[in-house]
Each structure stands twice: as C-alpha cells, then as structure tokens.
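Shared between the two complexes below is subunit A, which has subunit B as its partner in the first and subunit C in the second.
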Partner chain A sequence: MSASTPFALLANASSLPWAEVPAWPVTEFVRATAGELTRGARLCALFGVPDGAGTRLVAVLAFDADNTLAVARSTPFSGAYPSLTVTHPQAHLFEREVLEQHGLTPMGHPWLKPVRQNNGNAPANGEFFRVDGREVHEVAVGPVHAGIIEPGHFRFQCAGEEVLHLEIALGYQHRGVEEALTGGPHLATMSQMETVAGDTTIAHATAHATLMESLAGTEAPLRAQWLRAIALELERLANHTGDMGALANDVAFLPTSSACGKIRGDFLNLTALICGNRFGRGLVRPGGCRHDLEPERAAQLLERLKTALADTEQAVAWFWDSASVRARFENVGVVFPAQAAEIGLVGPAARACGLVRDVRYDHPAGWHRFAQAPVAVWPGGDVFARARVRSLEIQRSGQYLCEQLAAPAEGDLRSELAPPAPDTLAVALVEGWRGEVCHVALTDAAGRFRRYKIIDPSFHNWTGLALALRGTAISDFPICNKSFNLSYCGFDL
Partner chain B sequence: MTLILDLILRLAVWLLLAPLLPGIINKVKAWVACRRGPPVLQLYYDLAKLWRKGVVLSTLASPGFIAGPAVAWVALTGAAMLMPLGPAGSALSFRGDVLLLIYLLALARFCTAWAAMETGSAFEGMGAAREVSYAVLAEAAIIAAVLSLSVQTGSVSLVTMLSPSAGAGAVLLAAGLFTVLLAENCRVPFDDPNTHLELTMIHEVMVLDHSGPPLAAILHGASVKLLLFAVLLVQAVLPMGELPPLGVAGALAAGVLVVTVGVGLVESLLARLAFRRVPLLLTTAFLLCLFALLVAWKGGAK
Partner chain C sequence: MFVIDTITHRLKRGCETMAYPKGPAPALPDRHGGALKVDASKCADGCNACIPVCPTRAIARPPGKPVALDLGRCIFCAACVEVCPTKAITQTGDHRMAVRRREDLVLGESGKEQVRLAVALDEKLRKLFGRSLRLRQVSAGGCAACEADTNVLGTIGWDLGRFGIQFVASPRHADGLLITGAVSKNMELALKKTYDAVAAPKIVIAVGACAIAGGPFIGHPQIHNGASALVPVDLFIPGCPPHPLTILDGLLRLLDRLEDKPRVASGAN
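Up next is the complex of A and B:
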C-alpha cells in the first residue's frame, strides 16, 4: 500500500534530509494527505514550520500494516487552506493547533477554536457547543476538581442523567515546551522531556534520545536499548496497575482499590531500584542510559517483580470475579471501532476497540526489534474492554520483563554522540503506557532544532473520551475518564 | 418531672451515641482492607471542629440555606425521640406516632433538598433530583414494612408494634429494611460516602456548599438517622419480647452493632450500583416488605 505513495518513506527512529521531503502547494498537499488517510494511513503529526514569510505544513503518517512512516510538506504559504478535518476528523485538533501557532486558517473546519491559547491567566476556551431545549441542562466541571488531579474543564449537555454532548477544554497547564525547545538542544532539554508528562517519563525521554541518536546517524548501544525497554515496561506496569485500582475506587470496590494502590508503589520502587527515581528520571540520555543494572540488582529486580506480579494477579482477579464490578463496566462509555479509527485513537483505548495498533509491534525500534510483547486487544470499546486490555497488558508486560531480565544484552551502556546532522528531519515513535508518543525534530543549518514537535497520546485520545460519553449517564463519567486516564500536561505542553 | 428527666436522658443517648456508628463502619472497612483507618471517634472530632468554624454563605442563598439543615436536624432528632428503646419503651408514645415518624423523615429530606437548591449549583440540583427520585421507592418499602408490623400487632403505635416477638415474615422484613437502611443512609451500593466525584454522588453532593455548624448539623443528623434505622430494624426483627429488661437492652445493643458491622462489610465487598439499577434493588426491597405484609396478614393470623 505504501509502495505507491508520493510521500517520502522512513522507518521509525530514522532521519531524512529536509530537502528529500516532497513539497507540494498546500492544496495538493492536503489532497495527497487525504488520499493516504483514505487508503488506511494514520495521522501521527501535522504541524507548521515557519519558512521565510510563510509557513510550511508537515504531515507525518503511519502505515501500520507496512511498518513504515511517511512524510510530506507543503510549500510555504500564509492565510487559508482547505481543511483536512472535513473528510478526516482525526486532523481536527492538529488544524486547530496550527491556526493557533501559525495563523493558518483551515477552510471548512467545523469547530475552529483555540487549543491551549492563553487569555490572561486562563485558556481562551471560546464558546461551548450548546444543546437547546427545556429539558436540557448544562453541567460545568472543573478546572478545579475535588480530587488531586490536573486542571481541565468539562462542559456537559445533559437531558436528565443522560449526557448528550461533552466538550473538553484544556490548556490550563500550557508551559511552552515546544517553544522552549527551538534552538536546542539546551542544557534543560532532557529535564523538560522527562516532564512533558510526568507519568510517561521513560517513553518521552526514550523518544527524545532516539531522535537525537538518529540525528547523529547512530543508535544507542544494545545494553542501553535493553534497559530502556525494561524501564518502559515497568512504567506501563505501574500506571496500568494504578488505573485498575482507580477504576475499582470509582465504583467503591475497596479490595482491588486498596491493593492496587499499594502494588503501584511496588512497581515504581522497581524503577527506583534501577535509577534511584520512582518515575525513571535521569535514566535515559541521548547516547545511552546513565545507570546500569548489574546482575545482582537485576536478580533482585526479578525477584521483587515476580512478587508484585503475583499480587497484581490476585487483586485484579477479585475485580473480574465480582459481578457487581463487571455490571458497572459493561456497555458503559462505548467507542465504536469505526469511530476509533476515524478519530485516530491510539494505545489501550484503540486496542479496546479491537484495533491492532501498537508501536512496539507496528513500528518496532530499539530493543523491540529483537523482542516483542504480544499486542493485547479486546473488542467492545467500553469501559470493560479498556480495563480488560490493561489487565492483559499487565500480564504480558510482566511476562516480557521476566524473559528480558533473564537474557540481558552485554556491552557498553553509553556512547558518545556526534552533533546532530544539519537540515534533517527525524521521527521517533514509542509506545508509552497511554499509547503512541511521537517526537519529530527538524534541524537548521547549524544542527540546532528549528522545530520540535511532541505529540502525546492524550492529544489523539481526548476526543475519544468525549465520544464515549454520548448517551452515557453523567454519573458514569468518572469511570469513563479513568478508563482513558489521559494526561492534561502532555496535551497542554 | 420524671418525664422531663426521661426525655433528657433519651436525647442524650441518641445524640451522643449516634456518631459512633459511622466510626465503627469505617473501622470495619479499614480492617477488611488491612489498613489502620481513622479512629472510631473521628466523627466526634469532626463535629467539634466544624462547630468552631465559620460559615461561608453564597450571596444567592436565602435563609433557607441555613434553616434547611437546622429543621432537618430537629426533625430527625424528633423522629428518634418517638422510637421506643427496648426495655425503656417510649416517652412520647401515642396512637399513630408511626405516621409522625415517617413524616418527620420526609420533612428532613425535604429540607435538605431545599437547602441544596439554594445556591443554584448544577451539582446540588442534580443530587437533590436523585435523592427525591430514589426516596419515592425507599418510602414505599418503609410504608410496606410499617404496615406489615401494624397488621401483625393490630396497632399503629410504635411501642406495641415493636415490642412483641417477631412475626412470621421477620426474615423478609429484615432483608427489606436492611436494603432501605442502606439506601436511606446513602451507603454502598446506593451511594459512596467516601467518594470525591461530585457527578456520582447523591447525598454528599447536596451538602457540598455547606460549611461550619450547618454542615455539623447535617453530619450529625445523618448519623442519628443511621442509628434510628438500625434500632428500627433490630426491634422489628428480633424476638425480644420475652427477655428480661437487661437482656433486651443487651440484645438491642448487640443487634445495632451487628447491623453496623454488616453495613461496613457490604461497603467493603460490594461495588456501587449504576444509577439505572438502583430502582431495581429498591423495588426488590419494597417487594420483600410487601411479602412480609402478606405473611403477617394471611400467614401470621392467629
């Protein structure tokens, strides 16, 4: 399928000279992108690159079945261009973002609002969609919430208990990460990467490190790739276990809730055993890893991991064995497979709709080229399916970790990196625990970042949560929200 | 004089013992989860703290915002005073006092819902709507239970209705009344008293905007209501008529403790129901009480 594309092809974690990326006038660019999306490609990134007086649009597509990525760009322009969203809704947030960052108007975009633009000390949310009618009432939740979570605003249009429409307004945590990266890499860059989304530290750090390595024309030593894969799965285990506990807590099922809260800590402590930080900060660096895992500590890790996995198995079994819990999750918050494909869901949310979509499998890079975890898929698209996919991934990541820890890669942990190649575009995808983490970097003539684009999986998936709520009882919003468990700061950047 | 002393003593028992129940429930939950949990007396500390605090008032709220919780608390305490206490019987017994009891509970509910809507918050309106819709079904079950007791004893006075040995439908009545107790007191599986998620709350969301002494009145009133239902359940079901007075007092206390621990266990081991399934369970409770009524009417006739 991808063989006949006019797009430039490249593999995950590789780079391409900027001059080799095909450039078309914007109308042609939009038509070509729409054509590829119709043929089954997926939009990983769509962003603007300022060029002279105008701006170029760059699209990064993924052909999952062909294990390849494709890029193309438009010639510089300013003003308006035909919207891609009209035919391919997965582009809707990207186009809103491009308008906000570069002032390019997508003509025909059905809901053109700011994404995270500031208006004083709050985001410019604009007008919310309203449903009229005597029976309809509006419920506004947030940005300040009752629990200790990040800020975001949710606007529900309800008829009684039923939600007709949910609109999510974010941007409260916009820190200007992408802007800060221009002209980089700076001294602070690595720390910024590790805090793009604090619970996805390893995935974002690995994506950035991989990008730097491919810009330098090399890759990290095998032992570092092995260690990154282990840390990535530990991150997945900790977060998925925490999510299972949070789901149980939201339906007031105490046994699993209490146990999973504790076991999540056990998994975090395993990451701390590797690098001294529970969230894996300071482990992954361009060119390798900063902390080694000697055989003694690896053995200790394996032993503690097995205990924690057995505990999780038990806690999750209580959960699935309880009819009262299953009754709360089945047929609640359904996203249909066709919808999921249309809006470009990624990660467990997509796999819970029966879509086989996993970067570790579709676009393997690093250690995943040699050792793969099976993809966990469940049909249904409801809260039950999303919880089920998580519990399957806990099992499979655990199995994967046990196998990989028993067969470590030998060699150096870190290598010196050459300076980044000038005028080069590099793409790195990593399957974080929430889904596909996508980093794209474009260097200038001096080898500094001319543009650095980060797409957290939450950017794709927030729309999925809004769709899941349609026709669902408003009292089921918390379990729908937890079943996605998306990042606010990863979206707000 | 004796009457006044009797009333004061009863009032003291109800007001002082009631906050113990939520503490016991929380201890049971903590014990099941292998946690240490808050102290059994936590609610007393909370009430003392709230009583000393100031009140934050919405500029939109009418005096009903404060009056609602106050009236509700008085109504609940009044209802408690009507309830006979084992060997001590009742101080304010009269023919038809059971009707007054049911109406006092309804008055308390009305006042809480009224105060909830005072601030105009979408959350509290939602909570009030939920509370009154489920109350329709819970009240039906209570009325059926009271009728069955009334038919069984041929009386409409609480002292006579609750004092003799249990009727033939005691098991049905126990199941029905326990379910109503869970629903009326906003416990799992109907509501989650511990949740922080406004969108899923029933009772808790109605009192979100209350603070200080009014909130203390609401919390204390809720604990009195829990004790009231526990006492009602135990006396309606346990055959205590033949026991000596001390035995009756012991059996009553033990019964209330068992009910409280039962609530804690249900809360530890069961997930909450989805709202759309709540009516099913409440209707089941109503049917159980209705069958108890049938048994009392046809089966239990002497």
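Up next is the complex of A and C:
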C-alpha cells in the first residue's frame, strides 16, 4: 500500500533531512493526503511550519499494516486552502489548530472554531452547536468539575434524558508547551515533556528522548530501552487499574472501586521503586535512563508486581462476575467501528471498536522491536468493550513485565548524544496507556528546534467521547467519560 | 457471583488503612530523597555548579550572599545534589515540607538550612475546620499528577475521611480551595469565581511546584506562575508532585492534628 505513495517514507523513531520531504502546492498536498487517507493511511499529525512570509503544512501519516510512516509538506502559502476535513473528519481538530496557530483557513470546514485560544474571559466560549425544539434543553458543565479532575467545558443538547449532541470545549489548561519549545531544547524542556500529561510521563518522555537520539543519529543503549519498556507498562497498569476502579465507583460497585484505588497506588510505587517518583519523573533522559534497575531491585519489583497483579485479577473478577455491572456497561456509549476509523481514534478506545491499532505492534521502536505483547481487541465500541480492553491489557502488560524482568538487557544505561542534526525532521510514536503519543521535531540550520509538535492521544479521542454520548442518557456521562478517561492538559498543551 | 462472595472477598482483605499518624509514617521510596537541606556555609568560594543544572532556576547566588534554593520552585530532580562538590545541598529523606509562608521554602543561610514547617491555623479557624474541613479542588494548568496524588488520599489506604477532610462538589459547600497547576491564564476567571463562591472564612492550599511558583513552566506568558498571583495562599506543599504523605502531613499540620511540632517555629499563624 505504501510502496506507491509519493510521500517520503520513514520508520518510527527515525529522521530524514527536511529537504527530502516532498513539497507540493497546497491544493496538491491536500489532494495527495486525502488520497492516502482514502487508501487506509491514518493521520498522525498535521501542522504548520512558518517559512518566510508564509506557512507550510506538514502531514505525518501512518501505514499501520506496512509498519511505516510517511511525511509530506506543502510549499509556503498564506490565506486559505481546501479543507481535508470535508472528506476525512480525522483532520478536523488539526485544521482548527492550524487556523488558530497560523491563520490558514480550511475552506469548507464544517465547524471552524479555535481549539485553545482565550476568547474573552475563557477559551472557546464562542458559539456552541445548538439543537432547537420545544423539548430540547441545554446542559453546561465545567470548567471546574465536581471532583479532583482537570478543567474542561461540556455542552450537552438534550431531549429529556437523551443526549442529542455533546460539544467539548477545552483549552483551560494551556501552558504554552509547544510555543516554548521553539529554539529549544532548553534546560526545562525535559521536565516539561514529563508533565505534558502527568499520568503519561513515561510515554511522552520516551517519545522526546527518542527524537533527540534520532536527531543525534543514534539510539539509547539497549538496557535503557529495556527499562523504558518496563516503565511504560507500569504506567499502563497503574492507569488502567485506577480507571477500572473509577468505572466500578460510577456504577456503585464499591468492592472493586476500593481495591483498585489502592492497587493503583501499589503500581505507582513500583515506578517509584525504580526512580523515586511515582509518576516516573527523572527516569527517562535523552541518551538513556537516569536510574538503573539493579538485580536486587528488579527481584523486589517482580515480587511486589506479582502481588499487585494477583490483587488486580481478583478485584477485576468481582466486577466482571457481577451481572449488575455488566448490564450497566453493555450498549452504553457506543462508538461504531466505521466512526472510530473515520475520526482516527487511537489506543484502547479504538481497540474497543475492533480496530487492531497499537504502536507497540504496528510501529515497534526501542525494546518493542524485540519483545511485544499481543494486541488486546474487543468488538462493540461500548463502555463494556472499553473496560474489557483495559482489563485484557492489564493481564498482558503484567505478563509482558514478568517476562521482560526475567531477561534484562545488559550494558550501559546512558550514552552521550551528539548535537541534533540541522534541518532534519524526526518522528517518534509511543503507545502510551491512552494510545498513540506522537512527537515531531524539525530542526533549524543550527540544530535547534524550528518546530516541535506534540499530539497526545487525547487530541484524537475527545471526539470519540462526544460521539459516544449521542443517543445516550446524560446520566451515563460519568461512565462514558471514565471509560475514555482522556487528558485535558495533554490536549491543551 | 453472589453478594456473599463479594462480601467474603472484602472481609478477607481486612482493614487496609495505614496506621499513620498514630503509627509510624510509611517510608518514602528510597530514591525519593525527601526534602532538601542547604547549608550555604559549606559552599566553596565562587562555586556556582548547582545553578545552571536546575531546570526551574530555583537556585541563585547573588554576589556576596549565600546560595539560596527555593524549594517552592524545586521539582526534586536532585541534579543540584549530584553536582554539588561540597555536599552543601543534601537530601534529608524527610517527607515533611509544607509551610505557611512562601519565604519559609527558601533554604540556604544560617538558621534556614531546612524548610520552616507550617504552624497550625489560629484558634478560631482551628475550631471551625479542625475536625471538619471541606475542600473544593481546582486544577488550573495542572498535569494530573498532583491531582492524582491528592485523589489517592481518598482511597482506603490513606482514608482522608477519618480526619474529617473531604473534597466537595461545589464551592458553596467548601471551607477552602486546594489548587494544583501553574494557574493558566485560561483558568483565571474560573479560579477567581470559585474562590469568590466559597464563604468566608476560607483557606487556600497550593499543592505542587506549579501551584506554588509555576513549576517547569515558570515564566511562560500563558501562566500566572502559581496561585498566589490570584488568591491569598495559606499553605504551600512542595513537590512534583508531592508524595501523598507530604500532602497529608501538610493538611494535618495545618489542622494541628499531628503530635510532632515544627522543627523551627514560624511566625505565621
């Protein structure tokens, strides 16, 4: 499929000179990108790069079945261009973002609004999509939510209990992460990468470190790649377990809720055993890792891991064995497979629609070239399926960890990196616990970042939550939301 | 699966709530390091080794003055500890770090080598909040880690409810705010409105390096470099994120629910 593409091909975690990226006038660029998407490619990133008086658009596509990525760019332009969203809805937020950041207007885009911009007193407080009718009412929730959760605004159009449409307005968490990267890397860059989405520290840190290694023309020592893979699965286990507990809580099944809340902490403490921080801060650095997992520490980790896995297995079994829980999850918050493919869902949310889509399997980099876990897939697209996929991934991550801890890579943990190559584009994908974390870096003539693009899986998946709510009772919003559990700050950057 | 099975499973697990604070505090992970201690008298003449390695520029050494490390800005990466040639900056392994005044987090000069731990609320507020404190949590540019480690206090292991502390779903039900995040400008209005909606007297707790000073994002034009820019803060709890034990210690210290007294008395009340 990818063999005949006019795009430049590259593998995950690799780079190519900016000059070798094919450039076409924007109309041709949009047409070619649409053509590849129609043939089954997936849009990982679409963003602008200022160039002279104009801006170039850059598209990064994934040909999952061919295990390859593809990249192309437009020639610099300003003003308007034909919207890709009209034929390929997975581009809709990317095009809104490009408008906000570079002022380029996608002609024909059906819902052109800012993504994170401060609009008066708060972001995106512009026009919301409204459904009219005597029985229709509107429910506004947020930005501050009724719990210990990040801020975002939800606007429901309802007929009685039924949600006809949900529009999600984010941007409240905007900290200027991408803007600050231009001219970098800076002293604070690594810490900022670790806090792009704080519950996805390892995935974002690994993506950034991999880019820096790729730009230096090397890769991290094998032992560091092994350790990163271990930390990545611990991160997945902690978050999935926490979410299983949260789902149980939202259907008032308290035994699993109580147990999982505690076991989540046990998994976080395993990450802290490696590096001192429960979220993995300070572990991954460009060129390798900063803390080693010595044999005694690994043995302790394995022992505690097995206990925590057994506890999880039991707590999750109570939950699945209960007919009242299953009944609350089945056929609630359905995203159809065709919709999921159309909007470009990633991660467990996509796999719960039966889409076999996992970076660890499709685009293996680092340690995943040598050791993989089976992809967890479930059909149905409902809350039940998303919970099932999480549940399966807990088992498989646990199994993977036990195997990998038994066979550590030897050697150095860190290598010195050469300065980043000038005028080079690098791409790194990592399968975080929510799905595909994508970092793209473009260096200038001095080897500094000319443009750095971060796409958290939440950027793809918030639309999935909005679609899941259609036709669902508004009282089911909490379980729908929990089954996705998306990041606000990862989206807002 | 019958209800009886669920109950049996649950009974088998027994009580999983930690003994602390009646019993000993759980140990911090050995690589955590705890609070930092800075003894500026140990600094070599003209040495500035720690300053350029700090990602949040938390360390300064003005000419002729002792080195000063601001634990409020610190993200506890320990890069300074690693490069310090004279062991002037060391890790204490101590989980206790919460303070009442911002300046009590600045370490270095003689008598101020460690944080000056928070003193309890004054008697009037302690009578109001000491046995029942309801907090509204506002995440304003947080990364979800401080939020997660605050949330974890509600789980059975920590059981915050046993101290009468609870997070509530409306500012109208709250005695105060617990703020996380660098306070993004896009959250300015929401934070101010939430603060105004809490009935006086009220308290504000800033959790994490971001809420204290902006954390890794300090200086970005999109943020306010912490909660103090918009609301008066009564308790600062450092960390990136603070360990749950550090947060709990701060809350209990504020309510005078701990036996141990501050190492160095602070003037604030």
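Assume the second predicted complex is superposed on the first by the 490 of 493 C-alpha atoms of A that agree within 3 Å, B and C clash if a C-alpha of one lies under 4 Å from a C-alpha of the other, contacts with A are read in each partner's own complex, and residues count from 1 in each chain.
Basically, contacts are C-beta pairs under 8 Å (C-beta built on N, C-alpha and C of every residue); 3 or more make two chains touch, one makes a residue touch a chain.
Keep in mind the model is a prediction, meaning the values are calculated, not measured.
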Applying the touch criterion given at the start, work out whether A:G198 contacts subunit B, subunit C, both or neither, answering first, second, both or neither. second
Looking at the overlay, does A:H368 come into contact with subunit B only (first), subunit C only (second), both, or neither? neither
With both complexes overlaid on chain A, does A:R386 touch subunit B (first), subunit C (second), both or neither? neither
In the superposed arrangement, which partner chain does A:G276 touch: subunit B (first), subunit C (second), both, or neither? second
Partner, of subunit C and subunit B, that touches more residues belonging to subunit A: C
Check whether A:A252 is in contact with subunit B, with subunit C, with both or with neither, and answer first, second, both or neither. first
Touching A:R56, do we find subunit B (first), subunit C (second), both, or neither? neither
Between subunit B and subunit C, whom does A:I474 touch in the aligned arrangement: first, second, both, or neither? first
Could you look at A:P143 and tell me whether it touches subunit B, subunit C, both or neither (first, second, both, neither)? second
For A:A180, using the defined touch cut-off, is the partner it touches subunit B, subunit C, both, or neither? Pick first, second, both or neither. second
In the superposed view, which residues of subunit A touch subunit B and also subunit C? 146-147, 255, 258, 322
Enumerate the contact residues on subunit C facing subunit A in the complex. 1, 5-6, 9-10, 13, 16, 29-33, 52, 54-57, 75-78, 136-152, 154-157, 167, 169-170, 181-182, 184-187, 189-190, 194, 210, 215-218, 220-223, 240-241, 243-244
Can you name the residues of subunit B that touch subunit A in the complex? 29, 32-35, 122-123, 125-126, 188-189, 192, 194-200, 267-277
Contact set on subunit A toward subunit C in their complex: 116, 118, 121-123, 143-144, 146-151, 171-177, 179-180, 187-188, 190-192, 194-199, 201, 242, 255, 258-259, 261-262, 264-265, 268-269, 272-279, 281-282, 291, 314, 318, 321-323, 487-489, 492
Would you mind writing out the residues of subunit A in touch with subunit B in their complex? 137-141, 146-147, 161, 248, 250-255, 258, 322, 324-325, 327-328, 332, 473-478
